[in-house]
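A short worksheet on the structure shown next.
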C-alpha cells in the first residue's frame, strides 16, 4: 500500500515528471535540446554538491564503526553484483564472455544520478542517512569494472590476446577517473571546511540542488528517449535483464545490508548503488578495455531501460522492500 | 605530399596522436565532435558517455612518413571503428 | 506622463540596461561573447520557469471561464495578426507573397523572451496577471505560421510547386516544436506538483529568475547589435514595419481584449504576445516551409528591430495605452 | 574512390543524411557549426534561430554510389544554400 | 577548381576572412576549435585565452583566384602559425 | 603569526581547496573536464557580479576624493609594474625586447579571478573595501599592454618593422576589450539601478557568488595543472620571475598606496591587481601585437605559476605585509 502511494507520489515530484516530459518529447519528435556541455557540467555540479554535503555531515557526526562495516559491505556488493550479472548473461542469456563482462561492468558500477535522485527521495520522506554513503558510492565506481575484466579473462583467455594491454591502457586512464576523484575530493573538502565553508557555498551547491536535478532529469529523459530506437538491437533477453537484474541486485543488497544492521536510509542507498547501472564512467572504461563488446547493448540498457526503471519504479519499490524486510 | 584523414572513435584519439608523435610527422590537426554513420552503426553522441562520437585527424606529410604512420595505426583500427582516407595535396606554407 | 515615467524607469531596470550594454558593446566592437550553448540553455530555463510558475498559479486559483475566453482571444489574435501583417507587406510594401508570408509568420508568432520581460515588468509594478497566460503563449506559437503558409498558397498557388511538400516537412518537424512541448509540459507539471514540488525547485527556477534574465538580455543585446550591419539589406519599409506593426498588433489586441474584459495584467500580456515577433522558433519553421524567402529580412526585423523596440519602448507604452483605454 | 564534401544549411542536414541512407552509401561523417560566406551572404550563426549556419558532410564511396547520391541531393540544393565538392581519395581502412 | 585549406591561429581568423573578401573568392567555410601540433608546438586550447587553437578555412575557387588569395595570405603566415594545403576538386553545385 | 594562520585558513576555504583538487587531479591524470564554454561564461558572470556590487556600493557611499587619488594610484601602478618587469626581464634575464615586453604586458595587466578571490578573502575577514576598486581594476586592464609595446619599440625600433601595424590592429580590436566594457558597464549599471534593481538580481549575482567561484577555481586548478608539462619550456629564470615579480609589484604597491592613505582592504586590492598577471585578456592582445613573442612563456607563467602562487600564498601574505607596514 505504501509502495503504491510512494510510487504515485513519485509522480508529483517535479524531478520525475520532467524526466517523463523529456522522454515523451522524443516520442513527439520535438526538438528540445540541452547542449551536451551543460549535461556534463551539471554532472560535475552534482558530484561536488553531494560530496561537500556528505563530507560536512561526516565532520558533524564523526566517524563511527558503521564506516568500516559500510566499506566491507560496499566492496562485497561491488564484487557480487558483477559476478551474478556475468553468470546470468553468459550461462542463461548465452552471450559471449566479452559482452557479458562489458554489461556486468555497468551493473556492478553505479549511477551517480540515480543515487542523487534517491537522496532527493529520502529527503522528501525526511528519512535520515549517513554522510559517508557518498564515499561508498565513490568506492563502488571502479571495482566492478576490474572484476568483470577478470571474469572475461578467466572464461576466455585464448581469444582475447589484447586484453592484457587494453587493461593496462585502462588502468592508466581509469584508476583515478573523473567521478572518483571528484567525489572523494569533494568529500574530503566538505569534511575540512566546516560550517563556515559550507555556508559560503550553500546558495550555489545546496539550495538550488533539486531544481538543477529537475533540469538534468529533463535532459536525461530526452537522452533515454532517443535511444528507444535501439531497443530492437538490444533484444528481448537483455531488455528484461535490464529490469530484472536491478531487482536481483537490490534483493541481494537488502539482505546483506540488513545483516549489517544499517539504517533504512543507508540500506536504500546501498540498494540503489547496487541496482543502478553506470552510463557515464563505465562505457568509456569498457570501450577501452573491451572494444569487441557491442556498445549498443550496454549503453542502451543502462541509460534507456535500467535508469528510467530505477528512478520511476525502483526507488520507491526498494524502499518498500526494505521496510518490509525489517 | 600526402594528406591522411583519420576518422577514429574519440576514445582512441589520444592514442592516435601519440602514435603520430612517435612516427614524427610534421604536424596534425584535430577536429572533435564528429558524428556520422559507418558499418558499426550510427554515432550521434546523444549521451553522456563520450563513446559514440569520432574525431577527425588531418596529417599532411611526405609519402614515406605517412606510410609509416598508416602501418602503425592499423593496430588501432583492429578494435576501434573509423576510417583512413589518403589524398594528394600540395603544401603552400 | 505615467508612460514617460514608466519608460524612464525601464532605464533603471538592470534587465533593460544590460540589454543596452550588450548592444553598445557591439558598436564599440568589443568582443564579449556568451557562448551559443548558454543562450540556448537559458531559453529552456525560462520556458520551464514560467511554465512551472503559471501552472502552479492555476492550481491555486482554479480554472475559470476566463480560460475559455482567453483561448478564443488567443486564437483570434493568432489569426488576425499574421493576416494584417501579410496584407500590409504584400499590398503596401509590394513584397512578393513568399517574403510577405515569411515575415507575417514571425509577427503572428510570439517571442518568449519579450513575454518574460513583460512578466518581470508586471511584477515590478505589482500588477497581477493570470497563471494561464503562459498557456496562451504556448497556444500562439504555431497557428500564425500555418495561417501565413495558407496565405502564401492562396495568393501564389502556381509559382511555389514545392509548398505542399515543404509544409508536410514542416508539420512533421514542427507541430510539436520545442517551445510548445516545454511550455505546455511545464504548465502541466506546475499544476500537478503543488506547493511541495514548487518549493523544492524554487531556489533554482523562481528566485534567480530576474538575474538570469539580465544575463540573457546582455546576450540578446549583443546578438541584436551584431545584426545592425544587415539594416541596409532590410531597407526602409521593413525597418518601419518592424516598429509600426507591433503598434498595430498592440492596438488591435488591446481593443479585442478589453471587449472580453480581461485584467490589465492579462491584456498587457496578450498585447505583448501579439506585438512581439518570434526569433527562435519561427525562423527554423519558415526556413523549412518557405526556403525562397530571404532570412536576412525576418531574422533582422524580429531580432534586431522589433525585439529591442518592444522591451525598451513597447512594454511601457502598451501598459500606458491599456490604462488609458480602460 | 571518391570523396564527396557536402556543405548544406544545418536545417537540412537530417534530410541529407536520410537521402544518403536511402542511397545506401558506405558511411558518412558530419561536422556541424560551419560558418562561412557564399553567394547568399554570410552565415555566422550569431543568433538563436539555428538557421544561419551550415553542416559539412563527408561521404567516401565508389564513383557510382556517389553519383547516385549527387543526383538525389540536387533536389535539396534547389532551395537551400550550400555546395558539393568532389575529389579523389584512396581508402586505407 | 582548386580547394585551398587554410589552418591559421584563431586570433587571425577574422583577418584571413577579410583578405578573402578583398580578393573576392566565391566563398569559404570555417571550422573553429581546431587543436593539433605543428612546428611551433602543441595547441590544445586548454586555457581561457583563446590563443592556443586554430581555425580551418576551406576555400574553393578557380586557380587564379586561389593563387591571388595565397599571395595575399602569405603576409599573415609570416608571424602566425598555420598551414596552407592546395588540392584539386570538382564543384558539383 | 597571523600570516601563517591566514595562509592556513586559506586551506579551509572551499575555493582554494577545490583549486588544489583540480591541480592534483591533473597529476593523477584524472579526466574531469569542465567545458571551455562554461569557463568563459563564468568569467562573464564574475565581471557582471562584482561590477554590479561595486557600482551599487558607490551609489550608497557616494564619490569621494579617494576616487581621484585611486585613479592616480592605479595609473601609476599600471605604468611602473610593466616597466620594472620589462627591465628585469631584459637586463637581468637577458631576454629579447619582444619577449620581455610580452611578459611585462601580462604582469602589468590584471587577473580578474585573483581580484575576485581577494574580494572573497576580505569578505571572510569582514575587512571593508571601496566599491570603486572594481573600476580601478577595469582601469588597469589595458595601459600596461600599451606601455609594454612602447618599451618594445624604444628598445628595438629597427628589428620589428611590423610593430606599428600590429599595434594599430591591436588598438582596433582591444581598446574596448570585453573585460573593460563589461566591468565599466556593470559598474555604471550597479550605480544606476539602486536598491530595487540590486535586490531583483541578488539571488543570481550575489548570493551564489562564492559557490560559483569554487566551481571556477576547480576548473582553473585543472587548467593550471595541465600546463605543468610546459615548465621545462619556461626555464628556471622565468619560473622564479613568475613568483618573485608579484612580490616586487606587491611591495611597490603597498608602499605607494600607504602613502596615499587608503584603507587596508583597498590597499590589498591594489596590491593584488599589481601582483596578478592577466591570462584572459593579455594573451590575446599580445598575440596580436607581438606575434614573435613565445606564447608558451607568458601563458604558462601567468596561468600556471603566478595565479596559483597568488591565490594560495600571495593574498594572505600581502595582507600580512600591509598590516605590518601600517
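Which chain is which? They are A, B, C, D, E and F, in the order written, and residues in each are numbered from 1.
As a working rule, a contact is a pair of C-beta atoms (placed from the backbone, for glycine too) under 8 Å apart; a residue touches a chain by one contact, two chains touch by 3 or more.
Which chain is which protein? Per UniProt: A, C, F = Putative permease; B, D, E = Nitrogen regulatory protein PII.
Because the structure is a prediction, the values reported are computed rather than measured.
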Lowest number of touching-chain links that must be crossed from chain C (Putative permease) to chain D: 1
Chains contacting each of chain B and chain F (Putative permease), listed by label: A, E
Most distant chain from chain B, judged by the mean position of its C-alpha atoms: C
Chain centre separation in whole Å, for chain B relative to chain A (Putative permease) (CA means): 33
Separation of chain A (Putative permease) from chain C (Putative permease), taking each centre as the mean of its C-alpha atoms, in whole Å: 41
Distance between the centres, which are taken as Cα means, of chain C (Putative permease) and chain B, whole angstrom: 45
Rounded Å distance, chain D centre to chain E centre (Cα mean): 20
Junction residues of chain D, two or more chains touched: 31, 87-88
Where chain C (Putative permease) touches two or more other chains at once, by residue number: 37, 40, 203, 208
Each pair of chains that touches, named by its two labels: A-B, A-C, A-F, B-D, B-E, C-D, C-F, D-E, E-F
Sites on chain D touched by chain E in the complex: 4-5, 7, 31, 33-39, 54, 56, 70, 74, 77, 82-88
Chain A (Putative permease)-touching residues of chain C (Putative permease), taken from the complex the two chains share: 37, 40-41, 44-45, 48, 52, 172-173, 176-178, 180-182, 185-186, 189, 192-194, 196-198, 200-205, 208
In the complex with chain D, residue positions of chain E that touch it: 3, 17, 21, 26-32, 60, 87-93
Complex interface listing, chain A (Putative permease) residues touching chain B: 36, 39-40, 43, 162, 166, 169, 223, 226-227, 279-280, 283-284, 287-288, 291-292, 295-296, 299, 303
Chain B - residues contacting chain A (Putative permease), complex: 9, 11, 15, 41, 44-52, 78-80
